[in-house]
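Per-chain numbering from 1; labels A, B, C, D and E assigned in written order.
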Amino acid sequence: MKTAFDKVSVFLVKVLTLFSLLLLSFIIIFIFKEGYTFFKEVPILKFITGTTWNPTGDPKKLSIFNIILGTLYVSIVAIVIALPIGIGCALLLSGYVKERPRLIIRGFIDIIAGIPSVIFGFIGLMVLVKFFEKAFGFASGESVLAGGILLAIMVLPYIISTCDETMDKLYRAYSPVAQAMGISKIYILRTIVLPQSLRGIAAAAVLAFGRAMGETMAVMMVIGNAPIMPKLLGKCQTIPSLIALEMGMAEVGSLHYHALFAAGFVLMAILLILNIALYYVKRSLDR
Amino acid sequence: TSQGADVQTNSNKENETNNEFKAEMTFNGSSTLAPVITAIATEFIEENTTWDKVDSSFPDKYISIYVSAGGSGAGVKAVIEGTADFGMLAREVKSEELEKIGDAKVYKLGVDALTISINPENPLAQLRDNLTTEEVKKIFAGEYKYWDELDSSLPHREIVVVIRDLSGGAHEVFQKSVMGDTQIRPDAIQSPSMGALVTKIIENKDAIGYASYGMVNQNKGKLMPLKVDGVEPTEQTIVDGSYKISRPLIVVKRGELTAPQKAFMDVVMSEKGAEVIEEMGFVPVK
Amino acid sequence: MMKRIKSVMFALWICLSFILTIASGSFVILYIFIKGFKSVDLEFLLSNPGGIPIGTEGGVFPAIIGSILLMLIAIVFASILAIATAVYIVFYCRSQRLENIADAIIQCMAGVPSIVLGLFGYSVMVVTFNMGRSLLSAGLTLGLMIFPFIQVRVEKAFQEFSRSAINASYSLGVSKVYTIFKLVLPQCRRDIVSSITLAGGFAMGAAAPIMLTGAVIFAPVPKSLSSPVMALPLHLYILANEGISMEKAYATALVLIALLIIINIFAMTLTLWRKEVKR
Amino acid sequence: MNVLELKDFRAYYGSKRVINNLNMAIKKNKITAIIGPSGCGKSTLLMSLNTMLEEAEGRTEGQILFNGKDVHSISKEEVRRRIGIVFQKPTPFPFSIYKNLTYAPIYYGVKDKKRLDGIVVEKLKISGLYEEVKDEIHGSALKLSGGQQQRLCIARALTVEPDVLLLDEPCSALDVKNTANIEKMLMNLVQDYTIVIVTHNLSQAKRISDYTAFMLDGELIEYDETHRIFTSPQDNRTKEYIEGIYG
Amino acid sequence: MNVLELKDFRAYYGSKRVINNLNMAIKKNKITAIIGPSGCGKSTLLMSLNTMLEEAEGRTEGQILFNGKDVHSISKEEVRRRIGIVFQKPTPFPFSIYKNLTYAPIYYGVKDKKRLDGIVVEKLKISGLYEEVKDEIHGSALKLSGGQQQRLCIARALTVEPDVLLLDEPCSALDVKNTANIEKMLMNLVQDYTIVIVTHNLSQAKRISDYTAFMLDGELIEYDETHRIFTSPQDNRTKEYIEGIYG
């Protein structure tokens, strides 16, 4: 028996999905289209392998190799810091924290996730960057590391909430049986929950990585925005911050303007590659 | 359905600009200028509320003036695409841009100077209050990497150069009036805003950067502006052009002003507008 | 012995992680609280911004309302699309390939910098569709930004929902739609509400996408969907970045975080209340 | 008359075949018991009959006829409503007992509160659960004991008034009293319904079923009237299996 | 000798009491069967015995003595290792069969690959699963049939070599052959272990147990040697319950 409501719902679901996917594809095409104008003038290979970015010089030099590296570097540092902390925290939450306190802690973590990046940026500049200058005697604390740490704090909530859901389900399903054999919670978490949530963790990592790579305002405040070869303790530039910094000023329709879109397109391509990689990782985990 | 209705009213408005009264106007562009226009607009609205109070020939519609900030480039873009009535710029309008706008009207409201500022705790502050253009150039180009290269009595500490983003209005002015063909050192810190640049100088003893004259006035004592070639950045020197590193604050518009627009722009260009501009720390054009 | 060491290390790891998480989060919140606390009072909450430059005096009332409205539009738009897409992918999509393509598109979107989305919203909604710089354009742009975010999490919740309960429902001859509406959605409500809340907070805190599409430096409380609005993050951004008033900037940040906390408590009671019903 | 008919039926999980070339017809208004060692494919067969196997990531080949029509030519919902199933592992919905039982009736359009109440009480009584849970009818079904959950699932399957009822070891978690109740219930129901029951309890099969099918390693070894299977099995393997009875 | 002793024992879920003032002693190296209608508290009692009830959000009052010592004075892990339990619903870990069986031994310090292999094979053989799965020992345990999963869980419980084995309806999903195997296994094990088994199958209780306890509504009605319970029950309710047998 299929009611009219059913039919309408199914229809709506399909239409809305189609609409969403078309809309998203449209955005992607839009970015590609704006970037494509640029690629007609500057070959894509030169764009991503050249190291000089100087939109005001004459002739303009518009290549973003350093900036791609900077983007990846900052995000990797962020994930390397945030992933272990996030996983650890999620494990503790699923194994040791009862229903209600957990809900409250999750709420707290959600709140951290909601703090606007402008605020993170300023705190980063006033606290983190200054700390580097004071504690390590750097001339300037703006660095890949500062950006990485700040981003780590920002993506941590995403990692925790993604992992926690998976882990909680696993823990609930298997802990009674294992505990009945006298096995400690720690061991259950370590040998069942952790390995079985690898898929979830991989997904969380990619999600967080995407967030980190796309983050603009906060990163912009603490990395120095210098389009040079990134070093852990040196300044760097990332694609989103490049776009945000220069888009407001770039003359519409100029080569510079299209170059910024091209950079956005490169960012998206990186994410796509990452997701394809995740897909294969997941598949090999399934075996 | 509400979406459709809105589009409707909106396009209606577009069609009616010529013959019917438009109670609304929009500004978009430079975030330096945006607070100035906003301040004037708020006062204007508070004083009059409805248009008929401004001029009795106007209908009694509520005054709406919206100001948004997306950067100078976005301001020009908005005018070209017709999404804003006015564009605000903190730099000169380029000729290509004028061409694209077509029938462009340009209003110069004031001037903002860039001061070469350092942290007051920097030993240089005790030593001298002046740099030559040549020295500024060498510092920003990275030829001087340590303070003791500038003057041997200074400590051997790295110079931290803070600039605005390379393609921004402020930087363009600096590049043109100081650097010429010389490139800025690539590892200079690019601050995303004047506020961040000033904060950086306030927070870091070794920092040097070009802070906006307005910002220096707002943060008196927290950072120290230096003379360049012996010329101190003051209202006087900025207006008469003897202090070189400055940029204009401009509003552009396509086509003639409508009556209400004119009424508002008159206030902006008046003595009262100048007061606000001055209060914000910029130098009004007399 | 090895087992002991491993266990101790493991325990140490998860405890430290937890402490670090709580500490870093508390630090950020406390920092803003301490810096902003002095300047927040009822007047700040309920009056329009004022002073020269604007924001040095007065309050943030229109920005609070503006932000809430923007968030509502964004989450309504995004969650309808996102939940529908998640439902389709989990329950209706038969082709693994389509699923992969959809996933790839959505993940791609998740990484588009928000400023670029703002440009998209500007070109398409403001210019092409002639919607103007408005509450609606800005809200929809924010909706685009949070769409992938909600979609990914809701899809995950569906995917992890007990297969056997779903099968039990199918075996009663009950249609998919009914199963989804009466069994899956109510049971995943907590995950759905929490991802929408999270996304709502995310939308409320974003400055870049609304800068070009509808947020202005000053506007009274909007009268219709086509009016431009003030928003807290942009206000904060201008205050802080133009160096207008750090004090007011922190106060604005505090208001923003307080709003987030309220929304989260609201969501929490929604889900807790559900637990009571179960008993 | 045959309600269900299997023709050259095969079932797979992935590439692993678990049911092999099965031909079988299930008689209307009779109880058919399926017996066989653990892992021989009884549950798989049962799930195939109301097309639930595809939801469990299985795959079938060959034909299943329901009242002479290929089940795949009828809508899935229709097939599943008319052929009810109770799974081996009880899976109550995470709702209250009441909502578990009204879930499907509401779907089929019963709106009247009184009628819903009536259905709940009736089905709870049939499954012998009424006395035990009548005070907690709005409490969570997940808090019931294993046997109670199983009986709830049987009650739930009956709420849609199916033509055929497939039961996968419905009594394995039940005590004697409830088993007796269920058996009595089945023997009553069989006047209106067709019942297929998988059971490990040979005496149960003997007691209640009219026909018995013996499966081994995915094949149907023997299928006949129950008394013949238990008194004079034709196949040696059947005989061996039956004689394993003791106690 | 009494391995386990319950004194004035009560168990609650929230404020609901499900076991009421129970006194009982379980004899070493004997099989004790617990029978009673569904929902009377058998599973709850079993879970209390190795302190697992508290993990299921239950609460106990009164004393449980294990070899004369209060179980709460011994570490939980110790109690649970020495008193193994197999739950009513089989829940294999989402690992391979091999890893399911080596999981606990590795935890308790067995490292030698050969010894682990030995344990796996031995326990699989005891539970009658070896022949069926020997080729898929590294395949996922989740793909086993219901009965196979249950036997795997029994095998897994044995891998920690407990003193006492608590079984909650271990044979409810098993066919006759495997039931016979398990019963045989239990009767062998009882020389070294103490076994408590909850069963709905009265003939099974009769066949294998030395003592039988009959519970009703959370109370212990009668507890005696099995043959006396089945031949001359003292309490009328026991008698009625036993006589419910038929077929």
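Note that in this section a contact is a pair of C-beta atoms (placed from the backbone, for glycine too) under 8 Å apart; a residue touches a chain by one contact, two chains touch by 3 or more.
Computed from a prediction, not measured in an experiment: that's the story for all the values here.
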- Trace the shortest sequence of touching chains from subunit B to subunit E and report its length in steps. 2
- Message: By raw count of C-beta pairs in contact, what's the busiest chain pair here?
- Response: A-C
- Query: Between subunit C and subunit E, what is the separation of their C-alpha centroids in Å?
  - Reply: 50
- Message: Between subunit B and subunit D, what distance separates the C-alpha centroids? Give it in angstrom.
- Response: 79
- Round to the nearest whole Å and give the separation of the Cα centres of subunit A and subunit C. 16
- Note on the structure: Listed in rising order, subunit A residues that touch 2 or more other chains are 1-2, 184, 187, 217, 244, 247
- Message: Please output the residue numbers of subunit E that touch at least 2 other chains, ranges allowed.
- Response: 107
- Message: Could you pull out the residues of subunit C that touch at least 2 other chains?
- Response: 3, 173, 175, 178, 240-241
- Complex interface listing, subunit C residues touching subunit B: 50-55, 122, 126-127, 129-134, 136, 211-212, 215-219, 224-228, 234, 238, 240-244
- Message: Touching residues of subunit A toward subunit C in the complex: what are they?
- Response: 1-3, 5-6, 9-10, 12-14, 16-17, 19-21, 23-25, 27-28, 30-31, 84-89, 91-93, 99-100, 103-120, 122-123, 127, 153, 156-157, 160-162, 165-166, 169, 184, 186-187, 189-190, 200, 203, 206-207, 210-211, 213-217, 239-240, 243-244, 247, 261, 264, 267-268, 270-272, 274-276, 279
- Note on the structure: The residues of subunit A that touch subunit E in their complex are 173-184, 187, 191-192, 196
- Item | Contact footprint of subunit B on subunit A as seen in their complex | 54-57, 125-126, 129-130, 133, 139-140, 142, 217, 220-221, 224-228, 234-235, 237, 241, 244-252, 256-257
- Within the complex, which stretch of subunit C touches subunit D? 162-175, 178, 182-183, 187, 278-279
